[in-house]
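Presented sequentially are two complexes of chain A, the first with chain B as partner and the second with chain C.
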Partner chain A sequence: MTMTRGADRTKSRASAVLWGVLGIVVLAVLWEGYKAVGPVAGVELFGTSILPKTDDRSMPHLVDMLTRAIEPVNTSAGSPPVWVAVIGAALNSLGVAAVGWAVGSVVGFLIALLMQRLHVAERAVLPWLILSQTVPLIALAPVIVAWGGKIQIGAFSWDRWMSVAVIASYLAFFPVAVGALRGLQSPDAIHVELMRTYNAGWFRTLLKLRLPASVPYLLPALRLGAASAIVGTVVAEVSTGYKGGIGRMIIEFAQSGTSDPAKAYAPIAGAVVLGLVSAAIVALIGLSLKRFNRQEAAS
Partner chain B sequence: MKHSKRITLGVAALAASAALVLSGCSSSSSTTSAATSTDGSALTPVKLQLQWFTQAQFAGYYAALDQGYFADEGLDVTIVEGGTDIVPQTQLADGAVDYAVAWVPKALASREQGAGITDVAQILQKSGTLQVSMADKNIKTAADLKGKVVGNWGYGNEFEMFAGITKAGLDPATDVQLVQQAFDESGLLDGSIDAAQAETYNEYAQILETINPATGKLYQPSDLNVIDWNDEGTAMLQDAIWANTDKLNNDQAYQDQTVKFLTAALKGWIYARDNPQKASDIVVAKGSQLGASHQLWQTNEINKLIWPSPDGIGMIDDSAWKQTVDVAMTAKNLEGTTVITKEPDSDAYTNTYVQKALDALKGEGVDVTGTSYAPITVTLTEGGK
Partner chain C sequence: MTDTALNALPAISVRSAGKIFSVARGAEVQALTGIDLTVAPGEFVSLIGPSGCGKSTLLRLIADLDSATSGEILVFGKTARQARLDQEYGIAFQSAGLLPWRSVQANIELPLELHGVGKAERAARAEELIELVGLSDFRTRYPDQLSGGMQQRVAIARSLAERPKLLLMDEPFGALDEMTRERMQQELVRICSETGAAVVFVTHSIPEAVFLSDRVVVMSPRPGRIVDIVSVNLGPGTERSDALRENAAFFAGVTAVREALHGSPVAPLGADLR
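And now, the complex of A and B:
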C-alpha cells in the first residue's frame, strides 16, 4: 500500500518537473519561432505597435543571451561573469525583500487581528487598506526616501535599502491583512458558540480556534505577499536608486541595450528565478503548519 | 516520521529566511563609524545627491572622494546615487541631502514651485545634448528637421530642441513629427526615428559602440550627423551644484562648508581633467556597470563640456545663464507650457562661494581655467565593455 503511494508520488513529481521543462521549451520555441517568421519591422496598426520587431536588437537569439550570460560583465579587471553578478544581485534583493516581507506580514497580521477583534475597526480600516494599494509606487518612493534621509537617531542612520524594504512591505502587508482577516473569520458560528459554552474568552478562542482555522487562508496570502515583496523590491530599487540589487541591475544593463542587447536579459531571468525561490521558501515554511492546513492544496 | 521531517523542513526554511533578513540588515548597512580627518579632528558629514547612477558624468566628485580632497577640507562626503523617481533638487529642498547636482532648467522649474535652492557652481559650461541622425538623412541644422520623425525623451529634456526648432522658423506641433524616445538609441538604429536625442557623453557613445550592418564595423562619427544646440544658440546650462538657499542666507557654518565643499569638488574635476584615465578607473571601481571604455569616453566628453573655463571652473557665466532663462521662459513644448513663467529671483544663483573656492585653489597654485586643455582620443569597443 505504502509502496504504491510512494511510487505514485514519485510519478506525479516527475510529471510536474516534465511539465515545468515543457513550459520553458514552449516559451523558447515561441520566442525563436516568432523571431524566425515575424516581420523584422514588427506590425503596426494605426501607428501603434501590435507585434514587436524581430531584429537582433529587439529580440536577441536565446543562444546569444546564454553566451552573454557566461561572459564577464565588462572588460575591467576582475569583472565576474554576468550570471555570477546576477546571482549576487538576486541574493541581495532577496535579503531586502525578506525584510520587507517579514515586516509587511507582521503588520498585516496585526491589522487583521485588530479588524477581527473590533468590528468597527474593520469597517473603518478595510477601505483604507484597499485605497493604500492604489497609491502608485512611483509617487511613494521619493517621499519615503526623503523622510528616511532625515532619520538619524544616535548611531542609527537610515539607509537606502531600508526605504526599499519599507516599500516592499507596503505591498506585502495587504494580501496578508486581507487573507488573515478572512481566515480569522472563517470558523463556523457553531464552533465559535462551542467555544463560548466552554467560557473561553477572545484570546483563548483566537488561540484554539481562529488561528488554526486561519492557516489555509494565511498560507496563500503569505505567498502572495512574498511575490509582492519581490515586485516591490525590484521596482523600488529602480525608483530609489538603491545599489546592488537585481532591479537596479536590470536598468543598468538595459542602458547598454543599444549596443549590447543580449546582456539585459540575464537580470530579468534572475528576477523571475528570484520570485520562484521566494515562493518556494514560503511553501517550505508552510510545511511546518501542514497540520492545520486542511483545505489549501499543498504546492 | 513524515511529520517530523516536515517540521524540520519548515524550521530550516524559517531559519533560512531569518538568515536572509539578517543578511539584508547587515550587508547593506554601511560602516560610517567615526570618520576622522588626517589631523584627528572629526569630519563633518555631508551628502551630495546625484541625478543618476554612478557614471563618469560625476567623475569629479568621485575623484575628490577617492583622492581625499573632501577629507582634506574636513568633510565626510557621502555621494548619494539617483534613481528614476529621485528628483535631486527636491531631495535638497526637503533637507534629505546637503547639496545636489541638477540641470539648471529643471532646477529653475522646481524653484518656481517653491524649492529653496541656489546654483552655487556651474560645472558644465556647455550643453551635452545632441540630435543625432544617419548621414544619408542630411539633417545638419534645426531647419533640416522639417518633415522628419524627431525623437525626444520628454521629462524636461526636450526644451533645447523645441527652442531650436522654433528658432529655425518651424512649428514643433506641425512641421516635425515628434515621437517619444526610449532612453536608448534603438529607434535611430532601426530607422523608426530620423533624428534622435543623445548626450555626447552617453547615448552618442552607445551608437558608436554598435556594429553598423552596412560596413560590419562599429558606427563611425562620419556615418552620423549631429545638431549641436550650442551651435544653434538654444543650449541650456546643465549639471550644476545646488545648495539650500535658506541655509546659505542664515547659517554661517553652512556658508563655510559650501566653500570647502566646492573647493574639494572643483579640485576633483581638475584631477579628472589632468588624469582622465585614472578618474574613469575610479568611477568603474565605484561599481559602474557600463564598461571601462565607455566611462573613459564619458570622462573625456564631460571634460570637453567643462574645459576650458576662462573665468575658472564653476563660475556661472552671465550670458549663458541669461540664454538658459530666456529659453526656459519662451520655448513651448507640445502642451504649450514653458519651463518657467517668470524671471528667477536673485537667489537663483550666486558666484560668491565658487569665487572663494577658486581663490583658495589659486592659492594652492592649481590651474583652474584649463586654457591649455586638450581632450584625449578614446577608442570605443563593441558594447562599451
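And now, the complex of A and C:
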C-alpha cells in the first residue's frame, strides 16, 4: 500500500512539473503567435485599445529578452550582466520581504491568539482587520516613511528599508491572522471537552491541542503571507523611493523602454521567481511540521 | 483520604438531580428531573433509554462537563467539579477523539503528560495499557492508520491511564460494527473487572447493557427520568464470555430490560425463551 502510494506521489509530482512547463510554453506561443499575426498598430475599438501593438518596442521577441538578460546593464565599463544585477536586486528585496513577513506573521498570530482567547476581541477586531486591507498601499507609504523618519533612539535610526518592511508586514499579517484564528478554533468539541476533563487550563490546551491543530491552516496562511510580503515589498520600494530592490529596478528599466524595450522584462521575471522562491521556502518550513498535517480517520 | 475510607463511599451518589436547558427565546427544556442513583465502587452500571431521555446529559453532569440545575451530585464524596479537578474519573466518548498528530503511545500518555508524570514512568504505563487493550504491534502508529475499533481501544486505554476508580463511557462502541462491538464488550468487561473501576456506561443497545452490567438503569424521555433499575445477575466480569450470550440468564436479563423500557411485559413471539 505504501509502495503504490509512493509511486502515485512520484507520478503526480511528475505530471505537476509537466503541466507547469506546458503552461510556460503556452504563454510563449501566445506571445510570439500574436506578435506574428497581430496588426502592428494593435486593435482599437471605438478609440479604445483592446489589443496591444505588436512592434518590437511594445512586444519584444522572447529571444531578444533572453539575449538582453545576459548582456551588460549599460555601456559603462565593469557593468554586470542584466541577470546578475536582477539576482542581486531580488536578493535585496527578499531580505526586506523576509523581515516584513516574519514581523507580519508574529503580529498576525498574536492577533489571532487574542481573538481566540476573547470572543469580544474577535467581534471587535476582525472588522478592523478586513478594513485594514482596503487601505491602498500607495496612500500608506508616505505616512510610514514620515513617521519612521522621526524615530531616533540612541544609535538606532530609522532606515528607509524598514519602512518597506513595515509595509510588507502590513500585507503579510492579514492572511496569517485569519488562517491562524481558523486553525486555533478548529479542534472538535470532543477534544476541547477532553482537555477540560484533564483540568488543563487555557495555556496547556493551547500548547497540546490548539497549536498542533492549527498547523494545517497556518501553513497555507504563511505561504500566502510570504507572497503578500513580496508584493508589498515591490510596491513599497517604488512608493517609498527605496533603492537597490527589484521593485525599483522594474521602474528604472521600464523608463529606458523606448530605447531598450527587452531590458525591462528581466526584473519582471525576477519578481515572479522571487514570489515562487519565497513560497517554496515557507513550504520547506512546512515539511518539518508534516506530522501535524495528519487528519483523524472517521471511525 | 485513605483507600479504606474511599471504599466506604459510593463511587457516585446522585440525589434528586435535575437539568434544565434554556433554548432560544427564553424557552426551557427539562432534560432531567428527579434523578436518584447510587453507584458502588467497582460496580458496572449502564444507562439505557430512547434518544432524548437524558442519559448522556446525566453522564455529562457526573463528569462536570455540564452542571446540574438542581439536586446534588457527589463523586467519591466530592462535588462533581472537585472530582474533575482531582482527576477522579477517566472518560471515553462515542468517537475516539484521538489527537491525529500523536502516535498511539503518545495519545495514551496525553493525560499523564498534562499532569507532569515523568517520561520513563509515562512510557511504562503506556506500555502496560497498550498490552491490556491488545495493540502491542501498533504502538508507534497514528490514529489514521487504525480501524475504528482499534481507535476506540486506544481511547479506552487513555481513559485508564491515570488508574481512575471511575470510568465514564458515552456510547463508546456506538459506531462499531456488531462483531467488533461484541469483542470490545468482552474486553471491556475483562479490563474493568481487572482494574476494579466503577463504570457508568451509556448505550442504546439492550444486549450490550445486559452483557456488561451489574445493574441497568432504564430511562425515559420528556422529561428525562429513571423508570426502573434492573439488576443483572450474571456473575463477575471475569467470568463473562461469549458463551454467556446464549445463556438463559442473559436472555432473562434482556427480557427484563426490554419490559422496563416498554413499560409492560412484551408478548413473546413464537418460541418461549424461558
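Just so we're on the same page, the second predicted complex is superposed on the first by the 282 of 299 C-alpha atoms of A that agree within 3 Å, B and C clash if a C-alpha of one lies under 4 Å from a C-alpha of the other, contacts with A are read in each partner's own complex, and residues count from 1 in each chain.
Throughout what follows, a residue touches a chain if its C-beta (ideal position, glycine included) is under 8 Å from a C-beta of that chain, and two chains touch if they have at least 3 such contacts.
Given the structure is predicted, the values throughout are model-derived calculations rather than measurements.
> Taking the superposition as given, does A:Ala266 touch the first partner, chain B, the second, chain C, both, or neither?
neither
> Thinking of the overlay built on chain A, is A:His191 touched by chain B (first), by chain C (second), by both, or by neither?
second
> Identify the partner contact of A:Ser157: answer first if only chain B is touched, second if only chain C is, both if each is, neither if none is.
So A:Ser157 only meets chain B here.
> Once chain A of both complexes is superposed, is A:Lys53 in touch with chain B (first), chain C (second), both, or neither?
A:Lys53 sits against chain B, while chain C stays out of touch.
> Have a look at where A:Thr258 lands relative to chain B and chain C in the superposition and call it first, second, both or neither.
After superposition on chain A, A:Thr258 lies in contact with chain B alone.
> Kindly classify A:Phe292 by the partners it touches after superposition: chain B alone (first), chain C alone (second), both, or neither?
second
> Quick one: name whichever of chain B and chain C touches more residues of chain A.
Comparing touch counts on chain A for chain B and chain C gives B.
> Both chain B and chain C touch chain A; at which residues?
Of chain A, residues 291 contact chain B in one complex and chain C in the other.
> Show which residues of chain A lie in contact with chain B when the two form their complex.
41, 53, 55, 57-58, 72-76, 92, 94-99, 102, 138, 141-142, 145-146, 148-150, 155, 157, 159-161, 165, 237-244, 248-249, 251-260, 263, 281-282, 284-291
> Once bound in the complex, which stretches of chain A touch chain C?
188, 190-191, 193-200, 204, 208-209, 212, 215, 291-299
> Considering the complex alone, what residue numbers of chain C touch chain A?
63-65, 84-85, 87, 89, 91, 93, 95-101, 110-111, 113-115, 142-148, 151-152, 175-176
> Any idea which chain B residues touch chain A in the complex?
These residues of chain B touch chain A: 3, 6-7, 9-14, 16-17, 20-21, 23-25, 27-30, 32-33, 47, 52-54, 80-87, 90-91, 94-97, 183-186, 189-190, 192, 203, 206-207, 209-210, 284-285, 287, 289-294, 381-385.
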